[in-house]
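There are two complexes below, and they share chain A, which is joined by chain B in the first and by chain C in the second.
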Partner chain A sequence: MIVADKAIEYVTFKAGDEYLGIETLYIHRVVEEVNVTPVPLVPTCYMGLMYYRGEVFGVVHAGSLLGNSEATVGETPRIIVLKWSNKKLALVPDHITGIWRVEDNKGGKASFRFQDYTVRIVTPEEIWEKVSGLSYGPHEV
Partner chain B sequence: MGRTSIKNKLILSFLALLLIVMVVVGVVNRVANDFYLAQAISTALALASGVIFGSIFSKSLVKRLNDLSNVAKQVSNGDLSKEIPLLSQDEVRDLEEIFSLMVCHLKGMLSDMKNVSLQVQETNANLTQLTKKVLENSQKIDQSATAIAKGSEEQTLIVQKTSLKVDDGLKEMDEMLKQSADTVSKINEARHKTETGELNARKTLKHLEEVLKQMAEYAQPIYRLSRRVEKIQLVTKVMDDIAQKTDLLSLNASIEATRAGEIGKGFALVANEIRDMAENSKHSSQEIETLVKEILEDNKAVIEALSRSQEGTNKGREIIHGIVATFGEMLSGVKDIFLQVQKIEEVTGKQVQQMRGLLSYFHDLSRLAQANFVSTQKTTIATKDQEKDMKEIVNAMKSLNTLSEKMIESQERFRLSAGKETASLTATNGAR
Partner chain C sequence: MDLTKYENIFTHESERYLKELDDLLMKAEEDVGNRNLWSEIHGKIHSIKGMARALSLDKITDLSHSMEDWCKEFQQGTTEATSNAVQLLFKGSNLLRVLVARKGETDYYETQRRYNSLHAHLKDGPKAWKDKAHHESPPLSPSTPEGINQIRVKYSLIEELLGLSQEILISERRLPTLSHEQLNPGLKSWLDHYRSLMKGLYFRLAQLRLMPVGDFADLFVKTIRDLSKQHNKGIRFEVIGGEVQADIALLDRLREPFMHLIRNAIAHGIESPEERVSSDKATEGTITLEVRRQRNSLIISIGDDGQGINRSAITRHLRDTRTMTDAQIQAMSQEEFFNTILSPEFSSSSETTDMAGRGIGMSVVAQAIEYLGGSMTIRSEPSKGTEFIIRLPLSLSVIHAVTFEMGTYTLSIPTSNVESIGRREHLSPEDIASSYDFRELLGVNGGGEVLYTLKLRHLVEKNGHNRKDGDIKLVVDRIIGNRPLMVMPVGELLAKVRLFAGVGIMENGDISILLDVENLPQVQSSSIGKSIND
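== the complex of A and B ==
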């Protein structure tokens, strides 16, 4: 496989009734089998707190935050751990579909076709803003 | 004092008189000096003594005969109260004694006659009462005989009707006996069929046991296969977990490679390959899992089918067990019924015989009732005849009563004694 210089890789996942993609640059790790401790008096999409390798992450359900679905997860969900610009957040998708390499996204497309479905590209900041817009949003680290 | 006849008495008296005369003559002869005078005086004295002696002697004899004659006259007049004095021991005494005895016998006879008459009257009265009772009883007998005759007639009718009914019952019992014999035959046939059915059910049960055994043997590999497939499923799950982990690892490796930039491109390539391999492995494990699931489902379906078949066979076995038991019970019941029906047949046969005997008795009873009817009619006639005879007896008794009254009247003409016999007879009558 020939990799172009300007190529960007996106981790694609399903959140509610749509597919989303986040650039792998913002993804610190994809983990599973991690205990999420529920926090009282927070919005339903905010699933709680997660401790991973010496750090505490706020865990948010991607479907209910971005895809207008209920905050339900499987038995061992995979959690996308995001870290960017001194900010950190853990995102729980319905399921991760894979990594998609886009050779050149000069036009700044907001979505692209991946396999048989359309993937909307989201940035961590966008997610952060959404979370901040909630009644009790996360704070900067 | 000994008995002295009149002749001897006369001789002795004469001799005594002669002695006295001779003494007197002797005295006279001694006193008188004259012989002739003495003879004359002696003759005169002798004649005078003879006359005196003769008159005294004849007077005493005539007096006694006159007394006897008077008593006889009084007896002839019915007065038996007079008694004859017995003073001497001569032939007149015999006559007096015989006469006294005759009077005494006559008294006794009259007393007996009176007693007999009274007894006849009493007996007549009793007989009259008895005759009345006999008449009443005869009437009652007549009534009873009439009732018996009526009863006998009704009895005859009832007996005849009963005989007809018994005869009908006998016919029905004969029919029943025939049906019982048919039933016994059919029950016997049913018993044979039940025995055959039980035998067949036992054979079926034996075959079913063999089939079950074979099915259990056939099911063992399937169970083993199921266990092995479950193990495969576990292995597949492990493979799937490994693939998942590999996928996650490759995902993170890709992310790390991306973060490494140009240096991590080779690593990203490897990571991609690994992710593809993990994906393939995941797909393969999923396919295997799908196949295993299908195999397990099929196996489960086979096991379920086997189980259902086994359950069905078990149920069939239970049913056949039940059928065998039912056949056994049926056989036992049929045997019992057979014995009972045989007993019923025997009892019915005995009943038929008894009914026949009863019918014979009824015929005899009918004959007896008819004979009884005839006898009672004869009894009625006889009682009527008896009534007539009794009336004649009553008339005869009335006549007898009249006769006895006449006899008493005749007897009452005799006066037995001054007061003794009359009082005794009156007392006797009063006591009676």
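== the complex of A and C ==
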């Protein structure tokens, strides 16, 4: 596919009652049929770890992270593997809706209409900050 | 001083330069007038000369120097290069290869003769050589290249191979279930053999990611030399325990933090030669990098024998920024006191004087180490020096660990930390009573029947207390077995849990969390991990 110079592509997905989009630049891979191993003492949205192609990724459920009540996960979820700067994270959406190309997003819009719904653009760093700000470790009983 | 390691580096690097030199000379054969090419050729020979001179390999130095002079004339255009000149330089390259392999010795008559003859021709200069119809030295017969016993491999290729072999292991799980009739003994035997080969391949590939820490330390040698010149200080760099191996990815993450610590040590730690002499110290300061394994940790320390960290800047910061009283500051442990320089507010303090210099950027160092699931301790004594001790999980070594289940979680403890495993029916009432059930802590529906207990070996807690063997007993649901694990860093997010020493990858690609046994007693003593009797 030939992409126009200024065009930006976003992978859009559903996370609970929201639709989100992440720029494809940050998407390392979309994988499926990879085991996620649960880990204790982590936030509820942190599903566990996956080992893929020699690397370990933390796997986070997108809907639960955003506090969306309608979040669900299919039996064999597709996992969006993000890599940016020196960080990495895997995100489990309810389902991936598609790839959407924006011809020019110079204005840095935070959301767009796509088909019948509004897609909110998020960056991996925003997701990371949210995951990082949650509570980890043992709590006082 | 043992120069063997530097000689090995010299040999390895010179072979590389000589290969590149030959490639360039072959291009020069086709394009003798290309001055840029001669500049490149000059550069390669110059690099070999520099290294040889550092090791006092005079014959290599002299031969390279003579070859360099030729290159300069061709580069500057003062003499026209000819193909005969290129041939002579080829001979020079061949002879250099022989001398490099023999560490500069011309112990064989033939080698000495070749050296004398070639050196004499080179000394005459390219103009004299150009006028000669043919050269006098006997032609060098092409020699068979030496056997290949080492190659350079891109790290990304190793990662790719590792990833592919892992995918093969994982895809084996998607093998359709075979019926009894389909799974005949021959096929079963083949499958077992295939699995065993794949696991072996995977683990061997994983070990390609290991490199001796000493080789990593060599990356800093030139930088230390440059910094010492910049600050007019004599610096000696010592490496102890360099043969210990660590994951390349981990060491790569330590490059910047170590660079920072070394820069600080030279700029702010080690005194000037005059100051050192007046303190009865050797003129040359020493920076020591020491590596050792301690149980399941990799301990890397960087220390210097300088003036130590100035306490007054830290005290001032604690008073001004944290509004601590002198009594409170006095009551702090050494570790807490010096760890102040790791805090972001100290690093970004406007008190960026020389005194506070050691603190600049230290929070970035601390963050990098935390990302790797490690910790750092600082020790410093006035006039004696400073030591930064970094403790990291033994990432990407293959260790053996007792792997077990607690509820849905698969966890591991290094086998070296496990004294014994007891089944419920074999446990004494005292053992059961004193075992700690962390299942509730982990949010596992347990707290009921004790199935197995792991007794841990004596531990040295992080606060320095020793525990007796068998003091800590863990209740677990099921023992999977004693397994080899490839341990990887926990990463920044899981490092916040403070109970995990690493992420263990089993032979079949499954994950098991490696517990930080040295932190367990603190969880136990906080009564979060409840005794069975509670």
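Please note the rule applied: the second predicted complex is superposed on the first by the 129 of 141 C-alpha atoms of A that agree within 3 Å, B and C clash if a C-alpha of one lies under 4 Å from a C-alpha of the other, contacts with A are read in each partner's own complex, and residues count from 1 in each chain.
To be clear about the criterion, a residue touches a chain if its C-beta (ideal position, glycine included) is under 8 Å from a C-beta of that chain, and two chains touch if they have at least 3 such contacts.
Keep in mind that this is a model prediction, so the values were computed, not measured.
In the three-chain model built by superposing on chain A, chain B fits alongside chain C with no clash. Which of chain B and chain C touches more residues of chain A: that partner is C. Of the two partner chains placed around the shared chain by superposition, chain C is the only one that A:Ser132 touches, whereas chain B remains out of contact.
In the superposition on chain A, A:Ile96 makes contact with chain B only, not with chain C.
Legend: residue contacts after superposition of the two complexes on their common chain; A:Thr44 is shown touching neither chain B nor chain C.
After overlaying the two complexes on the shared chain, residue contacts for A:Val34 are found with chain C alone; chain B is out of touch.
Once the two complexes are overlaid on the shared chain, A:Gly58 sits against chain C while remaining clear of chain B. Legend: residue contacts after superposition of the two complexes on their common chain; A:Thr118 is shown touching neither chain B nor chain C. Least inter-chain distance for chain B and chain C in the combined superposition, rounded to the nearest angstrom, is 14, based on C-alpha atoms.
Within chain A, no residue touches chain B in one complex and chain C in the other.
Taken in their complex, chain A has these residues touching chain C: 33-35, 37-42, 46, 48-56, 58, 87, 131-132, 136-141. Note for the complex: chain B touches chain A at residues 244, 248, 251-252, 254-255, 258-259, 265, 268-269, 272, 275. Of all the residues in chain C, the ones that touch chain A in their complex are 159, 162-164, 166-167, 170, 174, 406, 408-411, 440-444, 488, 491-494, 496-499, 503, 505, 509-513, 523, 526-528, 530.
On chain A, the positions that touch chain B within their shared complex are 1, 3, 9, 11, 24-25, 27-32, 78, 96, 98-99.
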